[in-house]
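Two complexes come next, and they have one chain in common, chain A, joined by chain B in the first and chain C in the second.
And then the complex of A and B:
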């Protein structure tokens, strides 16, 4: 009896913690959606008359375009690198991840610098042909199409990663059964591999689309009016917090649809995954002709998504950009410790949530965990607005309190400090660390817990002594992904950063906004470079998975 | 004799393997194997793990190419050194140990997977017929994960049967299941195969499974087939020492031949009705099955109990003879004599057919 009681006690302690985390993660979303209850102010007729339809149409077109793009690149490359055998396959399988290190706004700045009127390409073209302004047609990168291409180039790895994992997990036996039932390799791909990987592909797609909805830097720079730019304009330009928040809750409905789709396909994962016995699939040996086609197919996204922009950035940073080393180091340090802190917080909280769920799969804990996972779907803009409103209110209460009690002016301790930023990052990125942590934890058989408990370990000891060492790879993955994402994050940082506090991302954005694209190169390059590090580490584990 | 030959001629083999070798890189996994299965016959490749039986099966399915020899189905060349017909063009069904049902499809869609080009009415009729045959009529709409292991295995079989293949290959189809379930499922599967009148070749490492399933058994070791025969003959007339030791519980006793019919062992002189085929005074080993050893208080030979094992209705004893060789003996559990480890009791041999191997 006693043992049971102590078990219950530790469960309660953890599950309460899980509930509190879930509630905190919910705050921004609740604040934003509650704005729908407040009165629609005078800004609204103006919004509806002028820009709202642009926001909706452009956002939808952006989603459709990016969907097509990431599927067309992500799925075939995943299949080539998982099921085919061709020279260079292993190199391609991790090179294809590299664009993950490049934020969309940075690739947008780079291609704008390359392709706009004053850029090297058009200048060379004019010098050669002697044509002048308006004499010729040239692709306008700063457009909706441009934004779709930019976002596709950096977001396809989400589809690639998940689809590849799904293809690799498919048991070779299933494919062989399919063959014995009269399907050739191509038919087997369309009738079996693809449908079986569909939940994973859709999950990857929804992740890419959530990023698309969250993007601010690219669409703002390209002058494409979407929800995110609209929220910024309403918040800063019109100074209407309530209307901005109401606009944000409209965006939230888009997000909600994506969440439902994502959750649905994730639920199907369970049944779509194969039995534990997994023989390595026989790889398809490609002929020389097909190898060339596959090479081109893989090299295009790698080249345009990473090699070209990174080389151009490096060239600009080394030869032309004007910057001061000491200022730059401060920026780098700011970005780095923010990202590390946020990653540690997110992984720690994920562990608590995942373990609480493992200990007691009660309804309340399960709900808490799935709510805590919603943050990832929320664009940084929504989270920032949902955080600045309550924190500003709290700060004003605190200032009043401290002033009346101690005659102290404490300033904005919550909304004006890194607290707000870390809070926002945690809300936004908790879900991705959760994903990695949960999958790591699920791989550990429940009997291992029971064995450790029967050998005298408490629940917390099981977590520390057994789970954490066993899942250190998953934990590391979680840390890395959050780290990269925080480093690249722009809109929430723009809104919530303390006065005079700059990160690499904000710095690059500000310079780019001033049309100093070349001067933005060092900061951009740094983001890409640091972002590259975890991507390379991630690719190592992927290479292991492939072999 | 003449009649039998005529029958042999009429039933020309459905599938024929001629001197085939299969391997990976330099390693030969299947070595010079020949085999023929008649229409409607159920065969079994029986052998320890790593003996090449699964590789042989995969070669028949078309997943492995041959280093030597040829495979023909109904006389048509399927594989030889230079060419391998693609698995999808063979119309050979396959069932795997891990079932490999398609997790995203319902039971009926799984079964209909191989007959997608048929007309819809024909398709659903075939699916319905197979569901009835496997006794899962009410599971058509369910997903594989909602079914038990035995049900899943039967569906995998139905899926393989749907296109009416001439041959079904079963790769350790029962080894993922528990013993109890296996006991009921094996005869069911045999019944289903016979009902569909399809030839089958199964891979197994379990002789009980092979015995109750197969018409003919190929005992394999180290990539070679030692014997391709009926279960009865594999047990009673093993042609190699490996077959004798792999099938059934037995030990070998050293012996010396005395005449064409008789041998001398440490348990006395034994005589067989037919000549044993060894010259007089050759050194041989005689196969002593567990059921050849009789507990007999009047016998003049005695043995010491080294180990004993309870099986419910009987005990098996590991016995050590005076000269140090070992034999096995089973005694009904309700027998009046109970022996403990270290005890000695009297025994004699009762062997009808002498199975001898050179020493």
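And then the complex of A and C:
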């Protein structure tokens, strides 16, 4: 009787904690969405008459293009590096992750510097052939197609990472059964591997698309008007913050609908891998001809997504850039510790949320967690404003309290500090860590919990001693992605950071937006470098754990 | 005694349990929210620190985002000075009620009336001219005359334009609305867009490079971007300077469109005296010369010395439209450009 009671207690304790966390994370989004309750002012007829259709059409085209791109690169490369055997496979499996370290706006700046009409390639071409503008065709990088390619190149690793994990987990047994049923390899891929990996692929695609929707830097630079540039044009140009928030809320609604639709479409499918011990999957040995094809397929995204832009940045940094404000160590350290703190917080919170959900399949926690995940689709600036509003309100209460009690002026202690910044990162990137942590936890069979609990472990002990070690790989993946994402994050950092505090991303952006792309190269290169380190380290350790 | 200790402990606990880099608010400080980029303001602030002994704390960011932060933080905001790079946003800050009037004889006497707010809420600190640039080998200066003329069909396919998301284009159109009225400005914008050689993209420097590379023959840009190319030692930049020249339009009527970067003291300022000192320092002859030398901007002081690059462009007549009009007409300008299909 006594034992039962204590169970019940920790049970409630955890789900309440989870609910509180989920609600806190939802607050900024609720604040933004509350604009839907305000009147739809005179900005709306103007938007509808003029630019809104452009915003919507361009955003949809962008989403479709990026979807096609990340799936075409992410899924095949994931399959090659998990199911096939060919020389260089191990190297490719982590090289394919590298573009993750490159921020979208930086790859856009780099390729523009290279491919623009006034850039070195076209200038050389003209000098060599004597042709002038309009005499020849050349790919216009500053276009919708250009934006799709740039975003695809840096976002496909989400699909690759999650799809690869899913492929690796498919037991060879099921595949073999499939083969004995008379399917050939291609059929087995389309009828078994792909459907089984579908939730993971969709999860990766969702992340890529949410980041696409939140992107402002790339599309703005290319002169493509999307829904997000529209939010900022309404905010900055028309000076209408309410209409801008309403636009952002509609964006959120759209994303929520997509997610609901996707969940509904696979409501009946549940895939469980039965084998506890994965038989080392029988890898498909590639012929020499196929190896070459696979190599090319892997080298294209690595080359265009990482090697070329990183080399160009390195070249600019070494030969041409003027080093402005040389305190790069401080910048790198700021970026690094913010990213690592945010990653730890996000993963820790995800663990609590996912575990609470597992213990008690409570609807309120589930819904709150789903809503919390939507934050990833919102542009950072909008999240940031949704964060300062409640924090400043709280601050004002605290100031009033301290003033009336102690005649003390404590100033702002929450907004305008690193606390606000870490809060923003958590809201924005919880979706990512949640995805990885949840899928890791789901793979652990519930009967393990029961066994551990019957041995007298508390819920928390089960989590710490059993689950965490079992799901190391998922936890590390979550840490890695959040770390790299925070490192690249710009808009929320820009508006929320405290006095005299800069990061690499802020520094690179300041120079780039001042039209000094080449001078921004050293900082950009350092973002890539700092991001690279954990990408390599973690992918190595993930691989070792897998073996 | 116990009471004091417990008070202190409470404050300490509150501060330490929250991850914070709260600053001890000392007397010799001034806190700045700046839309001017760090590289273009920090050196000046460092000089101020050295000469005054007042520590300057800085946050840079986008003007509207910083303004939003100021508004939300309200009277608890730590900011003392708000710096922007265009008059429109200063006016917006004034309308949002986040600035307070400054009584400074020096600022009022040395800055011309049209470059500061009538109620002394903000002061222009450097001027930027947005003017016409042309390809020397294709266009002769006497073919050019005014902003209005750029919409003439003779320039069809020969004009490069930056996106209308850019505040400097918005301010230019806002000034035109004030000068020639909304209807004429609308017609002008419609015809202007019909003349463009390629869809708008990139910054002012990109437009100048496009003119040099032969994509188009004329464009609009702020002069300091050209000044930077003149001061650059990169061969590709020198090449642009060789091929492109400045033209001052509307010399027979209102003059060249001017904007300012400027500053105001915030409503919440706890270091008001220091804040005024800082703004006065930025308007001093020494700082004014710095703006010109470092970023090729025009001083607001009438008698300030200007750098050689600026001198080489020759004298010109500047538009003296009251700059608060730029802010007041900004929304109308954006709507007008939306209707014209100016991306």
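Assume the second predicted complex is superposed on the first by the 366 of 547 C-alpha atoms of A that agree within 3 Å, B and C clash if a C-alpha of one lies under 4 Å from a C-alpha of the other, contacts with A are read in each partner's own complex, and residues count from 1 in each chain.
Note that in this section a residue touches a chain if its C-beta (ideal position, glycine included) is under 8 Å from a C-beta of that chain, and two chains touch if they have at least 3 such contacts.
Quick caveat, the model's predicted, so the values are computed rather than measured.
Asker: Could you say whether A:226 touches chain B, chain C, both of them, or neither, answering first, second, both or neither?
Answerer: So A:226 meets neither chain B nor chain C here.
Asker: Touching A:183 in the superposition: chain B (first), chain C (second), both, neither?
Answerer: first
Asker: After superposition on the shared chain, which partner residues are touched by A:59: those of chain B (first), chain C (second), both, or neither?
Answerer: In the superposition, A:59 touches no partner, neither chain B nor chain C.
Asker: Now for A:524: first (chain B), second (chain C), both, or neither, which partner does it touch?
Answerer: A:524 contacts neither chain B nor chain C.
Asker: Which chain makes contact with more of the residues of chain A, chain B or else chain C?
Answerer: For chain A, the partner with the higher number of touched residues is C.
Asker: First (chain B), second (chain C), both or neither: which does A:33 touch?
Answerer: neither
Asker: What is the contact status of A:282 with respect to chain B (first) and chain C (second): first, second, both, or neither?
Answerer: So A:282 only meets chain B here.
Asker: Tell me which partner A:206 touches in the superposition: chain B (first), chain C (second), both or neither.
Answerer: A:206 sits against neither chain B nor chain C.
Asker: Looking at A:195 after the superposition, I want to know if it touches chain B, chain C, both of them or none. Which is it: first, second, both, neither?
Answerer: first
Asker: In the superposed view, which residues of chain A touch chain B and also chain C?
Answerer: None.
Asker: Going by the contact rule at the top, pick out the chain A residues touching chain B in the complex.
Answerer: Residues 171, 173-174, 176-184, 187, 191-192, 195-196, 198, 268, 270-275, 277, 282 of chain A touch chain B in their complex.
Asker: Which residues of chain B touch chain A once you look at their complex with the stated criterion?
Answerer: Touching chain A from chain B are residues 61-63, 86-94, 96-100, 102-105, 113-114, 116, 143-145, 156, 159-160, 162-163, 165, 169, 176.
Asker: What residues of chain A sit close enough to touch chain C in their complex?
Answerer: For chain A paired with chain C, touching residues are 46, 49-51, 112, 116-118, 120, 122-123, 132-133, 142-143, 220-223, 225, 229, 232-233, 235-241, 320, 324-325, 381, 384-385, 388-389, 392, 395-396, 398-399, 402, 406, 408-419, 422, 491, 494-495, 497-502, 506-507, 510-511, 513-515, 518.
Asker: Spell out the part of chain C that touches chain A in their complex, as residue ranges.
Answerer: Of all residues in chain C, those touching chain A are 7, 10-11, 14-15, 18-23, 25, 31, 37-40, 42, 57-66, 68-69, 72-74, 76-78, 92, 163-165, 167, 170, 199-206, 209-210, 212-215, 225, 234, 236, 240, 330-331, 334-335, 338-339, 343.
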